[in-house]
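Look at the two complexes coming up: chain A is in both, with chain B in one and chain C in the other.
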Partner chain A sequence: MANLSMRVEDQSTKKVRHSSSRRYWNRRTNVAYLFLLPYILFMLAFGLGPGIYALIISFADYSSGLPRYFAAGIKNYLAVFKDSRFAFTFTNIGKFLLISVPVGIALVVLLALLLHMRPGRVASTLRTLFFIPGAAAGPAVVLLVIFMLTPQVSPFGFLLKLMGFNAFNDLITPGSLAFIFLIMGFFVGAGMWIAIQYGALEGISPEVMEAATMDGCNEWQKALYIKLPLIRPYIIYQFILIFAGNVQLFVEPQLLSNQTYIHANVPLVWSPNQLAYSFAFDLGNFGAAAALALIMLIIGLGASYLMVRWTGFFKIEN
Partner chain B sequence: MLTRWFNRNVRGIGFLGSILRWVVLLIFLIYFVIPMIWLLIAPSKDTSQFSSLNSLAFGSWAQYITAWKNVFSYQNGEVFLWFRNSFFYVLSSLLVSLAIGLPAGYALAILRFPGRSLMLWLTLITMLLPASALVLPLFMELNLVHLVNTPWAVILPACFFPFGVYLTYIYYSSSLPSELLDAARVDGASEFDVFINIALPLAKPLLGLLAFICFNANWNNYFGPYVLLNDDKLFTLPVGIQTVLGSTSALQPGFNPTPGAIHFGYAEAAVAGLVMIVPVVIIFLLSQRYVVSGAFTGSVKG
Partner chain C sequence: MSVKKLVSVLFALTMISGLLAACATPPPATAQVVTQIVAGTPMVVTATQAPTVNPYNDNAPITVWIDQPRQPAIDAFLKANPQDASLIKTVIVDREQFPSKVLLFNNTNQGWPDVVFAEPRLVARVADAAHNFPLDLTGWVPADTISNYSAMDNCTFNGKVYCLRNDLAQFVTYYNAPLMTQFGYTVPTTWEDYQALSDKLAKDHPGYYLGTFGDGWSFLSFFEASNCPTHQLVDVGTLNINVADPNCTRAASLVDHMIANKTLYNTDFFNTQFDALITANKVLMFEGPAWMWGSFGGAKGDWWTTANHQLGVAAPFKWAADPAPVVAAMGGAAWTVSRHTQNPKLAVALITFVTEDKTLWTGSENFPAYKPIQSLWQQAVSSNPLFANDPFPIMQAAANEISPLDNWPRFDLISPLTQFTQDTYQKKLTVTANLTEISTLFTPLAQAEGYNVVSK
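This part shows the complex of A and B:
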């Protein structure tokens, strides 16, 4: 009910806004460009510029060591497709996306909603504790990977043994890698997204929540029918970033494959992004590396395009 | 007493629901916290104790202090210098990126102008660009203007923060009441006034969110500074620590200790990890005060 009346109100204000926006057209347009100018300059210098240069590199020939621009045509792209590891890495990442994107988003939203049922000191303490692993990087992560996933020395050892894993290599098998990377990635990345979704929930107007309480909603109904729809833009944003980020998975497989001292049976190149690094730094083929990086970008962009079109995400709503 | 307990825990959630809620939260609490407790304890153990002791048992204070001393005495305390560098780089780029990102995100959300949708797409594209595609072009670009191996090489690229612009865009477009802006415009306020006096004060929770996200991302950024800096006096903390661990550490395969040099084992690596984590946690705690303050409480009565 509350939702419905809100929507009616929105439409009436939209009309008012429309007539006033025409009057302010020129001035507001100029102001908009002024507001955007510094951002556009930085974008050109450190985002778009380098991106376009990467596109040029993807058509350059590096076989002599120095780049010969536009000499390669689409050879670099063909080299990527023909590489024996191409199908392997993309199958891997496909499986990983299939589990990591829905599970990751669902759990983050679930945890944010559960915390937000009782905002207060407990919720904020838990939110902080969930976030702390996100601050861990480099050496800490390496240590944690070794010692959490080795059943003999892990605090979770009894649990791992209960599930039938008695050694590191029982746990780390080709079939389980996608799950292991999900567990590692969620550990480091979830806290930030929980904080973002929680922030979104805090932004919901108190009047809406009061109205829901008056209508006799319990906390679960509020979460499902009011809070969840209202944080939709943030969930879409999370989807776009998580999907594209997970296509570019690099750190987790790299950490596991690099660790010769734990004798992991993890392939050296598991994900497409590792393949890109391998092209650049093992083979010196920066052209193919750039081509592969752009292929990953296009996959991420394709997913976000569908999402944006499907949800009308870019429309000015109120 | 009992009613207070009931109100706090069960009301509106249900008895079974409360139990379910706490079971889920506790499972994830264990998942997130146990490894961090382990990391906090880790410097107290010598290398053999890592496998001989119970995983969450404490080794000794003497070993704990030794591990910290080993890290901080490396090259006469170069770690302090790296810490200061990191802090300076990250804070500068944080301030600049907010100063250019907030107006941009606000304009994308509130103002209508030709090219708006294009800007949103470009923001999205540059945000999703793989770092592996950007490193080489960035290096060549900064090399061209002779900024490689200067603090600018780290600070400037980090000032471009499309993630924040996008979040600002969502924040304003999903929760800034347009009645409020229209009211101000009718009163004769310029667009600039509206932004400074209305939109900006309402962005407090957003600022908190952006500050820790930006801080965290740049604080942990390893690859960029690693490629763009080669003077160890300019290193950031992650790059510095990685070179120490790379040259002396048990974490490196095929490592042969130099006689007389400080041996960096698991305990020292754990200390290095903790040194990295503490500032981020402090920033997070500070910024969370802003995030939870009910952005639009009472701004518009519906």
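This part shows the complex of A and C:
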């Protein structure tokens, strides 16, 4: 090896250096792909694969029970738009997003900022406490919230009764559903997002904070003028994921509308994803269900794209 | 990756998968009898099945979907037929999921259960073209056996027998006999008398109840019994929804009257608060299905505790203007067999055994649909110390008066009706004022199922 390089000598020094640096980069990217591989495989199997399957069956005709591929044309898409529940479910989910996305983000960021103001044992204990409900899965939380909102059994029953709610059904009205789902969603999701935003705050350079202190900022000014702008990318990230998650609301309304066990004033089909479920499993029209699922995908992608464009989220600084 | 690149990659993937899908083997073209609904008009498209050399296998295993209370019936069959024990696999399921599961199995073209215990309303939902599940039993069960079952109308679709009735769930009047004597009341026979009694009770004994109205079933106990066409099947493809019918308004004003004088409670039958009232002897009477006596400290006593000879059973109420009572039903199940089964012989042997076996039915709280064992069931029930009087003649008479409205359309009635009752209470409206909401709730569900909705 040494002899070889001796022989080629100076004339090729530059070349060798170039090629070695390219090999170095190749190896680095190969390793990166290796690390990405499990994710990519699962994404193909459980994300992109079903997506493509949905695209195919959204053009399939199910009127005889079994799929006839590419026989429906755009009939399934028309069936979705023509369904009398389409406008209802999209109005509901629109209202829910209008409430849940801003409220969710504002509360999470506020709590993270508050925790960050007083670092130490109290903050880390609270952070853990906030995180714990996230361990409960969606359906369990629904049951828990039903339990908490039933005045006869809830530990806060006396409070509910003071507010004039004597039965579970006094609380669950078509008008209050969006708020009930907000409570359920926030209870599960907030802890994780508080941890993420807190992590973002921890990442702010101490010099910046010191400089702010030197300039005479109080804690609130620091939070508002220094910390908040610095964690902006994480807030946008939270917006995108919360929007994509909440637009797919399904478990909560589906469980609450189970009239066999819970006799509440909850429409059978409240959210668009429930409508897709109803297309598939009430009417046997998997094609229309797939078409609606793709419409939901486009809405989620569209909102994320607009947000990214509007904020320049992916722009690399410097 | 730029957006353009991403789009082109996605496009390529779509094309590849499209090709793959196109190359995949098409589903086998099986000969089917399909009822297609073309623009609301039912049309029977019949493709004759090519004659095959016995496509069935008498030794093929079968899967049976049941609920927990049906386990003893299966055990009894296995005890009587030990040679079939290895062939029968039972699965306890939530049968409300049955229609959706069938659709999934249709998609994968495998996995169907062979025998399912379900109400005829669920069988109706799997009998349409998209589900295409049940086996026509006419070729498998002799006609004179089929004629021995009561209420087979609910199992018969276009002349095909898709299920055998297990039990009947006709409503009768349950009353607290000692309490009635104590108050000096007699059991009403008409809905008008019932309403008059409610006024008397409200005045003399406030805090006592004559029933409940707060979910779909309790709704039907009043409205189906009034012959109110909220879901009347005119023919296979036509559904009559007419809440303005006088039969609906008379039931609505009765319910409103009794909600106003506080003699109707506002929950379903099995709500814990209502159950506590029954156990505390605060409920004088209510209309309940034939099997409900089992909840009174009878065979199981799982809901209400009652002293012996306390539970009275009376004929269901009738409207003074009607010649006879029209009886609502709450459940009353059946057994259906899959058309995909490999072993219909064993499946049919099983469902005839569990519906006809004498020892099995002697101790049952359910009213048997198989007529030859009804007298045997009578002996067990009539001698039960729970009752204040012999309930059998009343239940037997009511069994023959079940409303044609017990034939359900292909969508669930209970959930929307429960929502209706809750919404009426929340909006503080009278049932009469809110009645049109039922047609608002039912019409889209009916249209989505392909019914031509009329109002007459």
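Some points to look at:
Quick note on the criterion: the second predicted complex is superposed on the first by the 263 of 318 C-alpha atoms of A that agree within 3 Å, B and C clash if a C-alpha of one lies under 4 Å from a C-alpha of the other, contacts with A are read in each partner's own complex, and residues count from 1 in each chain.
As a convention for this text, a contact is a pair of C-beta atoms (placed from the backbone, for glycine too) under 8 Å apart; a residue touches a chain by one contact, two chains touch by 3 or more.
Because the structure is a prediction, the values reported are computed rather than measured.
Once chain A of one complex is fitted onto chain A of the other, the partner contacts of A:Thr29 are limited to chain B, with no touch recorded for chain C. When the two complexes are overlaid on their common chain A, residue A:Asn265 makes contact with chain C while staying clear of chain B.
In the superposition on chain A, no contact is made by A:Asn92 with either chain B or chain C. In the superposed pair of complexes, A:Leu48 makes contact with chain B and with chain C alike.
Ranked by how many residues of chain A each touches, chain B and chain C are led by B. Once the two complexes are overlaid on the shared chain, A:Arg127 sits against chain B while remaining clear of chain C. Contacts of A:Ala280 after superposition: both chain B and chain C are touched. Once the two complexes are laid over each other on the shared chain, residue contacts for A:Val142 go to chain B alone; chain C is not touched. Within the superposed three-chain model, A:Asn76 lies out of touch with both chain B and chain C [touch as defined at top]. Under the contact criterion defined above, the residues of chain A that touch both chain B in one complex and chain C in the other are 48, 53, 152, 259-260, 280, 286. The residues of chain A lying in touch with chain B in their complex are 6, 9, 13, 16-17, 20-21, 24, 27-29, 31-33, 35-36, 38-40, 42-43, 45-51, 53-54, 57, 107, 110-111, 114-115, 117-119, 124, 126-144, 147-148, 152-157, 187, 190-192, 195-196, 198-200, 202-203, 205-207, 213, 218-220, 222, 233-234, 237, 240-241, 244, 248, 250, 258-261, 273, 276-277, 280, 286, 289-290, 293-294, 296-297, 300-301, 304, 314, 316-318.
Chain C contributes residues 13-14, 17-18, 21-22, 27, 32, 34, 36, 96, 99-100, 103-104, 106-107, 109, 128-132, 214-216, 267-268, 271-273, 411-412, 414-416, 418-419, 422-423, 425-426, 444, 447-449 to its touches with chain A in the complex. Residues of chain B touching chain A in their complex: 8-9, 12-14, 17, 21, 24-25, 28-29, 31-39, 42, 50-51, 55-56, 99-101, 103-104, 106-114, 116-117, 119-120, 122-134, 136-138, 140-141, 156-157, 159-160, 162-163, 165-167, 170-171, 173-179, 182, 185-186, 190-192, 195, 205-206, 208-209, 212-213, 216, 219-220, 222, 238, 241-242, 245, 251, 253-254, 266, 269-270, 272-274, 276-277, 280-281, 284-285, 288, 291-297, 300-302.
Residue ranges of chain A in contact with chain C, taken from their complex: 48, 52-53, 55-56, 62-67, 69, 83-85, 152, 169-170, 173-174, 257, 259-260, 263-268, 280-286.
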